[in-house]
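Both complexes shown next keep subunit A, but they swap its partner, so subunit B is in the first and subunit C is in the second.
Up next is the complex of A and B:
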C-alpha cells in the first residue's frame, strides 16, 4: 500500500498498468510522459526488446506537488504482458495501490484479455489483495481499430462488476488521462480512508 | 593476416562507446565483408547508419535483416525491424505492405488492417485503382464481418465505377446486417440503394420480406411489385404477393397468384398450403381434397407427423362433410366394409398411387422446401410448429420408411372401411419390425374396431389384448412406464386370463434405442417479428465499428474513401416523399419509422536489440496545455482528515523466482545503465524506490548508493537505505543510515522528527528498547501527536530499563540547557534526542 516516507515527507502511490501483451500499456505511459509538464515528472524508464516487448517493467514517476507538506508522487508501472513473464508481474504488483487493466479491443485478443485478467486476479490473491478491494479501473484500448469488439461484449466479458471503464486510443491520447485520473482519485480516496499504508 | 572477428567487434564496440560512430561503422563494415550473413552486425550497422543520418544505407541494412527474419519465420523480429525502416521513411509502401502481411501471419488482424489502410491510401492517391481495390479486398477478406470495411470496399467499387461489384458488396453487407438482426439498418441501406437500382431484385425482395413480416402490407406490396416488374416469374416474390393478399383477405387474388406460382413450380408446398387456406376461406371444398392429400403425404414423408395429422384430419373432415351432404353411407364404420372384389381392386390402386406419389414427392419437395427455407431463413415466420419431445407421446415416434408407407396404406384401407385388410397389412409389418410402438397401437385399435362389429369379437379382443401386452412390454423397455401400465391394463381388461408374470421382472434397458422425435433436417427458423426495429438508427451504432458513409447525389459515396482523413461524413439520405402507387416508400411517413438520416460518428485517424521506449519530450502544440493531474484531482486530494499512517511491509524476495527472471532483470539493469548512466541520480533514486517496492532490496540499495551522491538526494537516499535495510532485517545497518541522515545539517523540525521516529523504530525492531524509548519520548515532547509515538511510549514503558530512565533525565537536563541557550554538548547516541 502507499508508502509514506515521513523523514522525506513523501507519499508514493503505486499504480500498475496490467494487460495482455501488446495491448498498449507502454503506449499509455508514453502518452502521459509526453503530455505532462516536465516539472511534474521524472524520467520514464522503459526498455523493450527489439520486438517492442516491455522488458521487465516501465516506470514513470509523476509528482502532484506538496499536499499537507508531503510531496505526493504517483509511480506508474507497466507489467510485461507476455504470459511467461509472470514472475516479473508478481513482483511489480507488490505494494500496488491501484490497477488499470488495459484491454485490447481487437476481437481476436479477447481470449488474451480474459487470460490476463484471470492472471491478475490470481497474482493479487497470492499477495492478499483482490480486485474487489483495490482501486481498479478498466481501459478498453485501441478503439480506433476496425476490428474492435463492441463495448457491450467487452464489458460482459471483462467488467461484470461494473468498475469504472474508459474507451481509449492510447497512441492518440483519448481516454488515457481519463483513466489515470479515475484510478488516481480512487487511490487518494483509499488513502484518505486510512487504507493507505 | 587472418581476419580476427572478435578483435574487430571489440574495436567497433569501443569506438561506439567513445561516440566515434564513423570508425565503428568502418569496423562493422569490415566484419560484414568477411561474414556477410552475420545478421546481428547488419542490425548494428543499420543502427549506426541511422544514428549518423545515413538513411539509405540504414534502410538497406534493416531491409536485409528484416527479410532474413521474415524468411526464417521470426515474424515478430521482422516486424520490429520493418517498423524501424518506416521510422526512417514512412512512405515506403512495399515495407508497409510487408508489415501488413507479417501482421496478418501473426493473426494481428487489427494491426494488419491498419497497415493495409496506409497501403490503400497510397494507391488511391496515386490513382492505381486496381491495386487500391485489391488491397481493400484483402482487408475485407481478413475481417469478413467488419461492416465498416465492407462498406468502404463497396463505396470504393462504386466510386471506381465497378457498379455491380459494389452492389454485390452492399448485398453482403445487408446479409451481415440481417445476420446481426439489424433490420432497421438493413432497410435504410437497401432503400437507399434500390432508389437508384430498382433492378436489384435481391434487395427489393429482402425489403418486401421484412415489410411483410412486420405487417406493413402496402410497403411490402409496393416492393414486391417493383421486383415483379423486373422478374415477373420470381417464385419468392409471387409467394410473398399471395401472402400479402391473404393477409388483406383478398382470397380470390391470392388464389390467382398461387395458381400462377404453381404453374411455374407445381411442387411448391408452401404455395399449396396457402392455396388450401384460400380455398377453405372461400369454401371451395371441391378443390381441397387433392391438396390435403398431397400435403399430408408430403409431411409424412418429412416425418412431420403433426402437420401430416393436421391435413389428414382436414381431409377426413372434408370427406365426412361431403358424405353428409351427398347422403352416402357411413364408410368409417365396419358396416361399410366392402366385400366386393372390384371395389377392393380400386382401393388397392388408389393406395399404390398414393404411395408412389409419396415416394416421388419426397425428393422433389424436399428440394423445394430447402429452397424456400434457405431464402427465408431467419426471416420467414414459419408455419411449422416445433416438434417437442414428449417422453411418452408415441404420436411423435419416428418409424422407418417402410412403416410410414404401411401406415399410409392402412389409412387408405380404413378410409374405405377395409379394417381387416388394414390389420393384416399392419400385422405383417409389426411381425418383422418389433421396435415401434405406434404401429402396434394402431393394430390394437384396428382389432378393437373389428371386434366391435364382427362375430369374432372374443377372438379380436384377444388379438387386441395380445397386442397391448406386446406394447406394454416394449414401452417398459423404452422406459415409458405410464404407457406400459396403460397398455397392460387394457390387455388385462380385454383378456383377464392373460399371463403377465413374465413382464414383472427387471426392465432390461440394454440396447434400447433412444427416441429421436426431431428429425435432423428440421430447420430452426427465427422469427423476424422478434427482431427489433428501432425508431431511429445510426449506422454508426452498429456495434463493433461505426459505419461511415458519405454519399453523393446518387446516394453513394462522395469523394471516395480516404482513410487518412479524420472523418468520412455521412449526409442524410433523402428518401423523399414517395407515393405507394409509384412503388416508392415514404420511410418517415409515420407508419414505418426508419430514420433516413444515417448519422455519423467521429472517425479516428489511423496511423500507422534492447530499445529505449522512453519517448522524447514533445513540445506542445500551440494552445495545447500539459495535463495537470494535481489540478484534475482537486477536491479529492488530501484534506485534514486524510490519514498518513504507513503500514509499510517487509519480506524477502520469494524463492520461487526462476532463472529466466534473473536473465530478464540482468538485461534490464544493463539497459538502464546504458540508457541513464550512473550520474542520473534522480532516475537511480526512482529506480531504488521501484526495486524496493518490488522487494528487490539489494538492487534498491545499489541504486540509493548512487543517488546519495546528489546533495539534493542525500538525506532521502539515506532514509531509503535505512528503511530498506530495516525491511531486510538488517537493523544495525538501518540505524547507521538513519544516523547518517540525522547528521545532515540544516534539517527542519518535521524532517528531524520523522527521522528520529524511523531511528527509534529501527532500535525497537532490533530489540534495543532502551535506545528506542527515549527517542520516542523526545519526539513526543516536541510534538505529542506525531504519528503513534504516544502509543509506542505506552507499549515500551514497562520494557525499558532503569538506565534508560536515567537517560531520559539527562535528556531533560540537556533540553533545559538548550532552552537556556547554552552551548550544546558533543553529540553521542542519546544526543539525537
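Up next is the complex of A and C:
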C-alpha cells in the first residue's frame, strides 16, 4: 500500500524480496546499498542472527528520483527465508506494493524454490492480495554456479505465467538493479492506474 | 486489504502537526513521530536533526507488527501500548485509531505517567483527524480520481533511463 505525501511531495512504496533460505535476498540489498549514491539511500538495517541469517527483516530506503515533482521513495524489505519464520514473513508482506521472488538456481534448491513460491501465494491470499494482480517479478540468482539448473527448467517450474524474469549473480551485481527497476516500474504503473492499495 | 491507500494532504498534515506540537510541549518530550503500520513516516516533531527517523519508523512498525502477532497468540485483540525503558531515553509507543502508531521519545525531563496521560488525549484527537482523512481518500477514490493519473509512461521510463 503506497503512501502519497502531498506536503512532502513524496510517493512511498514498499517492495519485498521473497524466496527460500540462502537464495540471496539480503545479498541483493547489500549490493544495492553498496552501489547507490549516498544521497539516494538511507541506512541499511539487518535484523539478523549471530550467524548472519535474517531473523526478522532487512530494510533499505532508496530514492529513485523525481516524477512530476514528486520524490519516489522505495522501501526495500527482505523476509527471513527459513521455513520456520513464517509468522515474520506474513508481517513483512503487510502493505506490500511489489514483490521480487529470488530463486536459487542450484538444482538441489528447486524444491525449496517451489515450496517458497507456494508459501508466498498462501501468505498473500491471507492478506487479501493475489500474486496474479500484484506487481511481481522473478530473479534467477546464482547463475554463476556450476550446478545451476537450466533457465527453461526453472521457468517451467517457477514462472508459468511469464512474469518479467531476470538472471542474476547478486554477490557480483549482474541482474540486481535490472530486477529492482523492473518491479519499481510495475509499481508506478499500478499507482498511475489508481491501484496501489 | 481492509484499509485503502494512504494519502496525506496539506490540510490534515497541519492538523496532525498541531496535535504533535501540543503534545511535545505538554510532555517535555524529545521527539514525537507518527508512523503508519507499514513503516512509513507520516510526521515528526522535536529534536530530529541527528535521528534516523526513516529507520526508526520501519523498526517501530516491525515492533508493533510482532507485538500484534504475540497478542493474537494469547487471544488478545492487540497490545495498544509498548514501553521501552533505557538508561537515558525511553520510548512510549501507542496505536492510534487502529492504523497509525505514535512514538514519544523522552528522558528524565518527563515521566511515563505524564506521557501516558497526554498521549491518550492526543491519540483521540489524531483518531478523529485520520478518520476524516480516510473518508476523504475513499471519496476521492470512489470518484475514480487517481492522484497520479496524469503520470505518463514516458515519465516512468525517464525515471529508469539512466
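The definition used in the following text is that the second predicted complex is superposed on the first by the 191 of 197 C-alpha atoms of A that agree within 3 Å, B and C clash if a C-alpha of one lies under 4 Å from a C-alpha of the other, contacts with A are read in each partner's own complex, and residues count from 1 in each chain.
The rule is simple: a contact is a pair of C-beta atoms (placed from the backbone, for glycine too) under 8 Å apart; a residue touches a chain by one contact, two chains touch by 3 or more.
Please read all numbers here as calculations on a predicted model, not as lab measurements.
Look at subunit A after the overlay: subunit B and subunit C clash there. In the superposed model, A:7 makes contact with both subunit B and subunit C.
A simple residue count on subunit A separates subunit B from subunit C, and the partner touching more is B.
By the document's definition of touching, of the two partners only subunit C reaches A:127; subunit B does not. In the superposed model, A:142 lies in contact with subunit B only, and not with subunit C. After overlaying the two complexes on the shared chain, residue contacts for A:46 are found with subunit B alone; subunit C is out of touch.
Of the two partner chains, subunit B is the only one that A:54 touches; subunit C does not reach it. Of the two partner chains placed by superposition, only subunit B is touched by A:30; subunit C is not.
After superposition on chain A, the stretch of subunit B whose C-alpha atoms clash with subunit C is 708-716, while the remaining options among 186-194, 564-572, 708-716 or 798-806 stay clear. Within subunit A, the residues touched by subunit B in the first complex and by subunit C in the second are 1-8, 11-12, 14, 42-43, 45, 47, 56-57, 59, 61, 64-65, 67-68, 72, 75, 87-88, 90-92, 94-95, 181, 184-185, 188-189, 191-194, 196-197.
On the side of subunit A, the complex with subunit B involves touching residues 1-12, 14, 22, 26, 30, 32-38, 40, 42-52, 54-59, 61-62, 64-65, 67-70, 72, 74-75, 77, 80, 84-85, 87-88, 90-92, 94-95, 105-109, 142-150, 152, 169, 171-172, 177, 180-181, 184-185, 188-189, 191-194, 196-197. Taken together, the subunit B residues at the contact with subunit A in this complex read 43, 76-77, 79-81, 83, 107-111, 113-114, 139, 143, 146, 148-149, 543-545, 604-607, 609-618, 620, 626-630, 632-633, 636-649, 653-654, 656-658, 660-661, 664-665, 667-668, 671-672, 675-676, 680, 682-683, 686-687, 689-690, 693-696, 715-716, 719-720, 723, 738, 741, 750-751, 753-755, 757-758, 787.
Across the complex, subunit C meets subunit A through its residues 1-10, 13, 36-40, 42, 52, 54-55, 58-59, 62, 65-66, 69, 141, 144-151, 153, 155-156, 158-160. Within the complex formed with subunit C, the subunit A residues making contact are 1-8, 11-12, 14, 42-43, 45, 47, 56-57, 59, 61, 64-68, 72, 75, 87-88, 90-92, 94-95, 127-129, 181, 184-185, 188-189, 191-194, 196-197.
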